[in-house]
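A, B, C and D label the chains in the order they appear, each numbered from 1.
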Amino acid sequence: MAKYIIKRILLALLVLFGVSIILYFLLRMMPINYVMEKFLPQINQGNMTWEDLGRIMKLYGFDLVMFKDENGTMLGEVNNSFGSIFTGYWQWLWNFIRGDMGQSFKYNEPVNEIIASKMGVSFGISFVSLIFQVIIAIPLGIKCACNQYGKFDYITTVLFMTLTAFPSFFLGNMVIKWFAEDLGWFPSGRLDSGLGLTGIAGFGDMIWHLILPMFVLTILSIGSLMRYTRTNTLEVLNADYIRTARAKGLSEGKVVYKHVFRNTLIPLVTVLASTLPMLFGGAMITETIFNIDGIGKVAYDALKEGDIPLAMCYNMFIAMLTVIGTLLADLMYAVVDPRVKLSN
Amino acid sequence: MADNNKKEIKKHYITRSESRKIAKENSRAIAGFEKQKKRKVRPEEYVTQMKDDKNIVEFEDLHTYFFSDSGTVKAVNGVTFSVPAGSTVGVVGESGCGKSVTSLSLMQLVQAPSGQIVSGSIRFRADMFKLDEKGKKIPVYEKYTDENGEEKIKLDEKGKPVIRKNGLGGNMYEMERQVVDIAKMPTEAMRSIRGREVAMIFQEPMTSLNPVFTIGNQLDEVGRLHIEGISKHQVKARSIEMLQLVGIADPEGVYKKYPHELSGGMRQRVMIAIALLCNPKLIVADEPTTALDVTIQAQILDLLRDIKGKINGSIMLITHDLGVVAEMADYVVVMYAGRVIEMGTAEDIFDNPLHPYTIGLQKSKPTVDKEADSLYCIPGFVPNPINMPNYCYFRDRCEKCMEKCSGEYPGLIKVSDTHSVSCYLYEGEEVKNG
Amino acid sequence: MADNNIEVNTAEPVPATEREFLEVENLCKYFPVGFDFFGRPNKFLKAVDGVSFKLKKGKTLGIVGESGCGKTTMGRTLLRLYDITSGDVYFKGQNVSALKNREFDKLRPNMQMIFQDPYASLSPRLTVGEIIGEAARQHKIVEKSGYQDYVLEVMRMCGLQPHYFERYPHEFSGGQRQRICIARALALKPELVICDEPVSALDVSIQAQIINMLIELRKNLGLTYIFISHDLSVVKHISDEVGVMYLGTMVEYGSRDSIFNNTLHPYTKALFSAVPVPNPHVKMNRIILKGDIPSPVNPPSGCKFHTRCEKCMEICGRIAPNYKEVEEGHFCACHLYNTVEETEQLELKYEEERRLAEEKADELAKKQFWKKVTDKLHGAEKNNNVVSPEVEEKADSAVSEALADKENVKDVPKE
Amino acid sequence: MEENKEEINSENVTQGNFNDNLHGENLTERAKVLSPGMTVAKRFFRSKLSVIGLAVLIILFVFSFLGPLFSPWSAAEGTVKDYNSDLIKDTYTVFRVEYVGADGETYEAYDITIDTPDYVILGDINGSHLMGTDSYGYDVFTRLMYGGRVSLTIGFVVILIETLLGVLLGGLAGYFGKWVDQLIMRIVDILSCIPTLPLMLILSVVFTNIFDVSKLYYMMGILCLIGWPGTARLVRGQILSLREQEFMLAAKCSGLSTSKKIFKHLVPNIIPQLIVSMTLGLGSIILTEATLGYLNLGAPLTTATWGNMINLAAQSTYRQYYPNLWLGAGICITLAILAFNFVGDGLRDAFDPKMKR
């Protein structure tokens, strides 16, 4: 068991190494450089020379190449040669291994602190919506499977599959339009009303703001989880041991909620374990639409604006969660299914 | 040649319009039967009388069909036979002859909605709970005679009447012996019979036990369900007793194990233990040894024989192996394409087989103690009972086929008190005073 | 391609005359089941463990045994469907186990196999004609022009109707599918056919058809069969020679008559008596074996059958019996048939092995001892450059410690 | 009765043609069966959802590919009389230039789009414009058709390439195993560990300076790159399990060549699963394309795609007052995804004999 886990962790490290290389090189290939964008106006206004910028860039780990165009004006651009990116990568990796994730260009704070501080809200939203998903989707899925091709099955499936088919941004905007803008029941975004409420009132205010995003997140994933439950339940329902259970004289409810459910749980647990990245990583689009200052939105901005340390750290964080999620899924499998013994 | 091939192939496949017709008929038929099932059935409708009181089960003209995409499969097509109390009845036949479906019909376990019991009756003599006006079971109370010579109900410390315990350690309720028709019985009522009065052992010991529960859990479940008022401790004791009874050397250990940790033979023993837990009157064993090795098969057959003596019940043994039947059964029923073609005592069938199919079957099996250069074989293949004509189904494979065989399907002819056969060869040989 | 075969055969003329049609020597097939940290196998399932036999052309060898005895694996390993772990297979005098895969592929048409499950062994998306004919076309056994006629001829030979040519296998019943499997094998004009439980998935009436067909084809085409089955009656009916396998080893081997009339091994006896006879009057004196078949991953020591054997002796648990010729052409691996000298020899050998094992343990203990001493000394030297009386004392205690350890070490291999 | 047995015995054993001495009609042949294609079709059409899905798909296809032929407007034709192409270009870049924004002309264009009377044309729903026109005077309904063309085409092209890649690499990994397998599967692991959306964002920013149609091709390339590991995994798993099947052993036993083994025995058996995964994948590709469009990072804005049309919803003015501009695109995307999911599910049930009842 321990051997198995160690082996998996070693493999995961290899994978993460690969991920980090690809991500770093891609991030460096972006035509936007946060530092450069920040100081360009000053250079244009003549408050700063290209040499100054070069020195500043060095501090941020970039290499500035200066050259003159045909008119003789001084220009500069980030050195995106392979060698430069490679050096940058080594620097990043060395710091990363030592536990230094770097400073965000935009916030001028250590990125791990930014991520840690923004994660709470995102986790809260995702977690609540996950709970709702599970308690709604699994019983519905089992019920649908028990009445395969029945009226209940069709209605539920059509309803939830339709809701799941909505793109998140479309659903989000529709929800904002109707519930926030037209009906005015809920606020259209942000975390609080900005009234400085504290205590229970503050918490209530936050919940009131978060209802719509939670609703959107729940609705979006319910369908697939339900469908998955249904498919697996159908498979279990055809198994020989279910016939045995019926032959014992067990009532249909007991057959379904004891014998069927326990077996359906096996694949479900792995699916739930793999929602780990989503749980901690935030919902990028939903947070952006609702203007929630969670980890997803911060990462979205970082990616768009070229805040390399933050983007890098966020992506590595997600990759790590993915790796842990799969490992967790396998371990959970062994817990739920007595037949599975983990070995190499 | 090629054209001929195409024609043959076309003839072989269902056309689109035929398929549509089948689908329409199927959905109509299934909807009808399902509606029938949902209807509330009063007990009077399914309580009947036995034809012969010696029997424990009587099948009469049972029809069980599967409404499949390629047509109605008449898996059981008018089966009539009975299981006398205390005996072992072997049902033999090749795959697709309807022997398993017959047994599943008895348990009401035919895979719905496509499979339905269409008509006929399965009469079973069961000990049913007597119910009061409210539909509740009537308990039997512990009584004593007080100093005045009056009979009084014993009360416990809290002043509640004490219910008498039965042999298994559960509460005793007033029972009545009823003959029920399983084919007409609602599933709700059937549940109290399944596992308590009739128990079933399935073919595949590897998949018939739920992989995620321990053996103990799966055994206890039956006890807790059917023996009301039994304590947790007693259930476990009963389960372990059963494991011991089926010859498991380390019952306490096996009780805690998961099915995948046991071998095929052991699992089949566990299945038998589950079946025996409530002292059923009838055990239906559907090919209990087919998936096992010969040496293990010998063990299991030995065990079944042993157990039948101990519980004083009957066994309905379904198998394709003539050897197993010869060894186990008192009575033998031979089935072919959904119909009973011959039945009688084991001696009747093995010493004096009448139906050409039965004869052929016995001769086509090589045996260890006989020498033969070439085996006898029945030509052709076992038919799939879809769209069957109304003449003897064995006609095309039969060597003794006569002109008469093109006529309608031959009825069962009783050639002796115990022996009947469904073949025109024996017309006129029947005994009248059967 | 046919010329090629002849060439290969004549390349080694000398052994070809000496060897039988098929000779198997000490064939082993181990499947790795446990792996160490780096993915190297460290635990094996010995599915076939040293099987040897010889088979004449035109004869049929029946192999019987229960599930897990390695009979199927043996058949598959013979045809190199699994890689051979060790041992040699001589086919028509040629050592085919030493050939490269590519070379062996050219020989494959000569050795064909009929599989157990007629449902799984036919590719579901090919037509019957394609299944039967494709390999014949690849090996150029038939000209392109005569291809269809050839396939139809093979189909006719196996009792399949010509209009089945363009149908798909799932439309057929088990019996017909098995005929298709047989036709596929025979379309390659093989000399050796390994029938791996060809009838066990079929109905009784169909079994007889297939068996009769196999016998007739053997007569007409001069085939040699290895007939693997768990069904003794079928094996008896079709075989000239019979081998009984248990947990990867051959326990008894001989001509059909000698095996069935003069059964030697207790396992074979139990196996025979376990077969139910379709006669209600015969109440057999049955030998019912105790317990289950042990797992081949962890076979019992000594004679593998001793855990279930009713004639088990003290020696059986310790020493594996020799596989020896008890009477002419009748081999058996059982201590019951040992002469006194043989038993003595085995005991001697066992003692010798035990002694060797003990010596090895001793050596290990010694090594341990010296390591301890040097370790202690090293430890001391780090603190103190001069060997003080203190250090000597330490070394002494280490020695006594090691001596105590020696007892423990010695005990380990014994168990 | 004993003589019966003997009599049959004397006639003895059937020789040679095993099937032919039957009396009268052969009962085995009497039962007709469903042809393989019919079996699948039967199971597919049994579920009403797959039928609905298929119908919706057909409608969407007709709408997107045939619809424009009947529309009086074209995707690049507006009704605003005084528009000129320069203006269009400028106004289209408004949302981007906002940030760079240093030159006066652009500011003007910005003003026009927001404040000029032309703007009122938005949402003007009348007989000739079923869903009104957008700020450039394009007929929204017609643009919806053209958008469908692009979105669906992207979906199909991407899924085809992605599946080809997946089959090739997954097949290599599954069939040859050992180090090939290790290498390919590690690459698959790495690619599937990189979160999709951030990766798409990064790549879109990398290609941000491309404004012409070639951006579409880059985007398709990226989508393929992201999609193939899933297919590769599926194919590898399938091949690993098929390799152990007896029919593969039989193929090996016949000495068939490797290519025949792969293309005649393995590949036809994974095609059903591939079709299912392709159908389900189509939905997700359309979704990804739309997401990129919404984030303003997808196809160049001049191209009508459903994703590009819906990105207007990101601005509250459009969202609140002109739902006719984006609601249609959203509904089309939803319908397409839903339909592909229904059809995919139906196909899975149809191909998978385990599911049959």
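Basically, a residue touches a chain if its C-beta (ideal position, glycine included) is under 8 Å from a C-beta of that chain, and two chains touch if they have at least 3 such contacts.
A quick note: this is a predicted structure, and the numbers were derived from the prediction, not measured.
In summary, the chains found to touch both chain B and chain D are A, C. Chain pairs A-B and A-D differ in how many C-beta pairs are in contact, and the one with more is A-D. Chain A and chain B have Cα centroids lying 55 Å from one another.
Once the centre of each chain is set as its mean CA position, chain A and chain D turn out to be 23 Å apart. Computed centre separation for the pair chain C/chain D is 50 angstrom, with centres defined by C-alpha atoms. With centres set at the average Cα position, the gap from chain B to chain C is 40 Å. Multi-chain contact residues, meaning those touching two or more other chains, occur in chain D at positions 13-14, 18-19, 28, 33, 357.
Looking at chain C, one finds that residues 171, 173, 209, 212 touch two or more other chains. Those residues of chain D that touch chain C in the shared complex are 13-19, 28, 33, 36, 245-247, 249-257, 260, 264-265, 268-269.
For chain D in complex with chain A, the touching residues are 46-49, 52, 186-187, 189-190, 192-195, 197-199, 201-203, 205-206, 208-209, 283, 287, 290-291, 294-295, 310, 313-314, 316, 319-320, 323, 326-327, 330, 333-335, 337-338, 341-342, 345, 354-355, 357. Listing the residues of chain B that touch chain C in their complex gives 1, 4-5, 8-9, 12, 94-95, 263, 265-266, 293-299, 301-302, 320-327, 329, 346-347, 350-351, 360-362, 364-369, 372, 374-379, 381-382, 384. Note for the complex: chain D touches chain B at residues 1-2, 4-5, 8-9, 11-14, 18-35, 38-39, 42, 357.
Interface residues of chain C facing chain B in the complex, by the touch rule stated above, are 66-67, 162-163, 165-167, 171, 173-176, 203-209, 211-212, 215, 230, 232-234, 236-237, 260, 270-282, 286, 288-289, 292-293.
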